[in-house]
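In the two assemblies presented below, chain A is common to both, partnered first by chain B and then by chain C.
Presenting the complex of A and B:
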């Protein structure tokens, strides 16, 4: 296989909290090939958005390497970094606040081109064409962000992200703030644009129900660590980690028969003070002796699918069988 | 395009309204401020056209007519050197208005970049700038102006520049606080992700969104500067004789309060009225631009 478009090894991000520090992202390895969509899922506080900020070089990377599009991305600095930033763009959750309230949306969309030195007229024309493409036409382009609906603002944010012809687009909860019918529209738009422009996505979401529509690969994040990753179908159909199993079983309608329902209980622990051993053990329904002491290794389940759980090491019958599959997901994932 | 349903008009905001509609609203909600604007416009016209409307030469002395009470020839009487008070009042508007604009401009030109730099750069730049600004802020404006005129010599421009520099920290602190909160808006990191230079982000995104309270502050500074000019000229450190300013007129009339008590009223009322107008406009702008009333 060719070299991945994005490869992180040991990506670590620390935040300073008072005098101490909080490890928001802890040695994360991700691989993403051109044209694929990698979904990063997890609860609030799992470090999903911090990964996005680190990849976008908005927060400092404490350790680890990031290779992106043939560049040593994590070590670029200053003007060199600014010149290359157009290769990776992002679509935020809150498109409204990501647009300057004093700028007409077409001006906001043209700005990345203006920054890159494109002439004003050309930037303007291309911005108009881009907005047309994402479905925001005519006089709507002359409006201010507060005069548009949530879905329209999201289209503007997408147009601004794509105008500079990026290789990789990071969608950080890009549709989470929208209602369900709009979500479908925007997701469809993103999928269309991916094919049309040969894009690669990192799709960060807490909404597992979206995964079958967008994701080729899934990485499940818990307290800053990847606990399971693999092809979307494998992870959704045959989740290996108890946390992934819990997340999937929390989907409404996943268990019409009841029985094996085993949603994740409790709250995510304080990331400033993570549990010892396996970080999931306080909430794990199948934790055994040793889980609180020993950090589990990443175990390959198949060549592309791996998870970090002690129970997987022997792959024995002592491990609980996987949660019965949510039939709705199964259908979608196989389609 | 399937979302046309929700494209109907969003609620109007101060930003979206034209100037005309805003003024139309002021006619109902901000009558005092509108009157104040009118008075200030008249004052500017008076200052500009003083030579045309003044009945006498403001500096022409007539000892025989000194300290005359108001009459047809001298509607506001004459001062201790027999000069026409009305004419001096009209000419004095020039010095007083120029002084307040000058001090305000110096305060904004010095304070705005410093405050923006402190808020946007943060870190050591912020710490150093804040120490310096706090030091200047601790200095009484009039005392510094007196000190400066003591070194450079009395004069309107030097004393008003000194006043402006003492005012600069208040502008800087205001814009620093605004910058800190504006910097947290998502459109700032968004601008970084497409490669904007930090200076471009500061000038194109942060400053325009942070500047509204400074506009309010500017009008209040002008009223303070007007009073400072009056104080300095009263002390003889502002405009130099025979040039008229309201402060210097007050200073001279003060010496003859027992003989001609009416002389202090003309310049005194002019100072009070103008300062009040600046404050009224500032207050109305504050209500107009208050971020809590904005819908975005």
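Presenting the complex of A and C:
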């Protein structure tokens, strides 16, 4: 297989909080091939949007590497970064607050071309054609953002992202604020455009039910760490991590009986003060002795599918021998 | 206790503006049985929220005309003096909204806001009101209720803010709770927790809940009955399990089909073409007709809400037509 379009190794992002430091993204490894969609899922506070900001080079990368489209992406600076930025574009959750309220939407879509030096006339024509393609036609293109519905504004945001012919598009909760029917329209549009323009997506969402329609691969994020990753179908059909299992159980209608089987309890802890050991242990329904002490290693379940949970681990290589190994305890409990 | 039902009877809500009149709700009739949880579903513009606000007397009388009736037990909810409406809100009828950040006062602590309801309605002194507020916070599953009592809304997560708003709404044990998209802005994990909390309040305290939502999945998870609205009209009513198993109105079935499913591999999401018509338009016949795959000539005529059985009705010529035996009442019973 050819080299991935995007590869991160140990991607880490820190925010300064008062005198301390908050590690929002903690050693994240992602691989994404041309033409694929990687879904990043998790709750608010899991670091999903920080990953987007880091990939888009909007927040500093504290550690780790990002290779993108043959470039050492995390080290690009200044003019070089500005020259290459068009390769990676962004579709936000709420286009209403990301579009300039005083500009007609066609002008907003044309702006990236104007910045890149395209003539005003050409930029205008291409913006009009792009808006036609995303289903916003004729007089609607001359409107201001507040004169459009949420679904129409989302189309504008997609047109603006695609106008500079990116290789990779990051969609951050791009359909989360929409009604079911509109959500379906925008998801279908994104999928069509991907095939038509050979695009690659990072699709950030908290709605795991969207995965079958968009995702090839998925990374499940919890408090800044990837707890499970693999082909989307493998992860959804046979989730290995208790957090992934809990996310699936939290889906309304996930169980024919109506009630959720083992939904995630409680709330995500403060990322400034993450729990010790396995970060999920305070909410985990199957946590055993040792989970609060020892951080689990990433265990391959199949060549492409892996998860970080002690219950999957035959032996914890890094464990302090004084701390009982959780998996051995579990075996004891079973016997 | 039949007296505890909410009965909405030919309710209409018409907004007046300089550009004319806009009927947000037309001739809506449905019932929320005592201690039952009913889902009111539809897309944006279907009239769900306007219905909920009318039940609480929260529309501005200067710009809104409310017609028809709505009673809870013996109480007429629509024709109340402002003072009487104030007395009922909180004690008989409570409401929670989608965004607790805008519904809660950012300048007051959670405790003050829950206590306020209790002091206004029950005339308790400060100390007993405080103790009661902490009890209520514990009842809605607020971790460390005494500590959270002193916190401000911005210091809580979205899920905990929603719990605080529910606490303020149920502090005086209202018998009906109107919940307008209470989980839409929340993570799925927290959505599931809040829905279960509402269901528990319903079961344990006999409170009736009208859950306004665009998500049929949420309705399926917790509601006893479902009422589908489209363009201001009620188009289908029935027990949740049967309606979701076999919808009688094409709009309900299209809403179902548009939902993403965790097992939808290799499929495309089903889109409902077109848009909800503007409330200023007053088309004849079935309002869903322009978007309906199954529309035929009779759909252009007037449509009535037809009873398909004791607890099921639908506004669609197709459903009451014997030729369409698929959708005959009761056919969907598992």
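The rule is simple: the second predicted complex is superposed on the first by the 310 of 335 C-alpha atoms of A that agree within 3 Å, B and C clash if a C-alpha of one lies under 4 Å from a C-alpha of the other, contacts with A are read in each partner's own complex, and residues count from 1 in each chain.
Rule of thumb we're sticking to: a contact is a pair of C-beta atoms (placed from the backbone, for glycine too) under 8 Å apart; a residue touches a chain by one contact, two chains touch by 3 or more.
Please read all numbers here as calculations on a predicted model, not as lab measurements.
Participant: With both complexes superposed on chain A, which partner does A:58 reach: first (chain B), second (chain C), both or neither?
Facilitator: It touches chain B, and chain C stays clear.
Participant: Check whether A:250 is in contact with chain B, with chain C, with both or with neither, and answer first, second, both or neither.
Facilitator: second
Participant: Which of the two partners, first being chain B and second being chain C, lies in contact with A:27: first, second, both, or neither?
Facilitator: A:27 contacts neither chain B nor chain C.
Participant: State whether A:185 touches chain B only (first), chain C only (second), both chains, or neither.
Facilitator: Touch partners of A:185: chain B and chain C.
Participant: Under the stated touch criterion, which partner chain does A:126 make contact with: chain B (first), chain C (second), both, or neither?
Facilitator: Once the two structures are laid over each other on A, A:126 reaches no partner at all.
Participant: Between chain B (first) and chain C (second), which, if any, makes contact with A:104: first, second, both or neither?
Facilitator: neither
Participant: Mind working out whether A:9 is in touch with chain B, chain C, both or neither, as first, second, both or neither?
Facilitator: In the superposition, A:9 touches no partner, neither chain B nor chain C.
Participant: After the superposition on A, what does A:194 contact: first (chain B), second (chain C), both or neither?
Facilitator: Once the two structures are laid over each other on A, A:194 reaches no partner at all.
Participant: For A:267 in the superposed arrangement: first (chain B), second (chain C), both or neither?
Facilitator: Only chain C is touched by A:267; chain B is not.
Participant: Quick check on my understanding: which residues of chain A belong to both its chain B contact set and its chain C contact set?
Facilitator: 182, 185
Participant: How about chain C: which of its residues touch chain A in the complex?
Facilitator: Answer in residue numbers: 43-44, 143, 157-160, 187-193, 195-196, 214-218, 220-222, 254-255, 258-272.
Participant: Given the complex with chain A, which residues does chain B contribute to the contact?
Facilitator: Within the complex, chain B touches chain A at residues 1-3, 6-7, 9-10, 13, 15-16, 185-187, 189-197, 200, 205, 208-209, 295-296.
Participant: Quick one: in the complex, what on chain A touches chain C?
Facilitator: Against chain C, chain A makes touches at 43-45, 150, 179-185, 187-188, 191, 206-213, 233, 236, 246-254, 258-260, 263-268.
Participant: In their complex, what parts of chain A are in touch with chain B?
Facilitator: Residues in contact with chain B: 53, 56, 58, 82-86, 88-90, 92, 94, 96-102, 111-112, 115-116, 135-137, 140, 144-149, 151-152, 160, 164, 182, 185.
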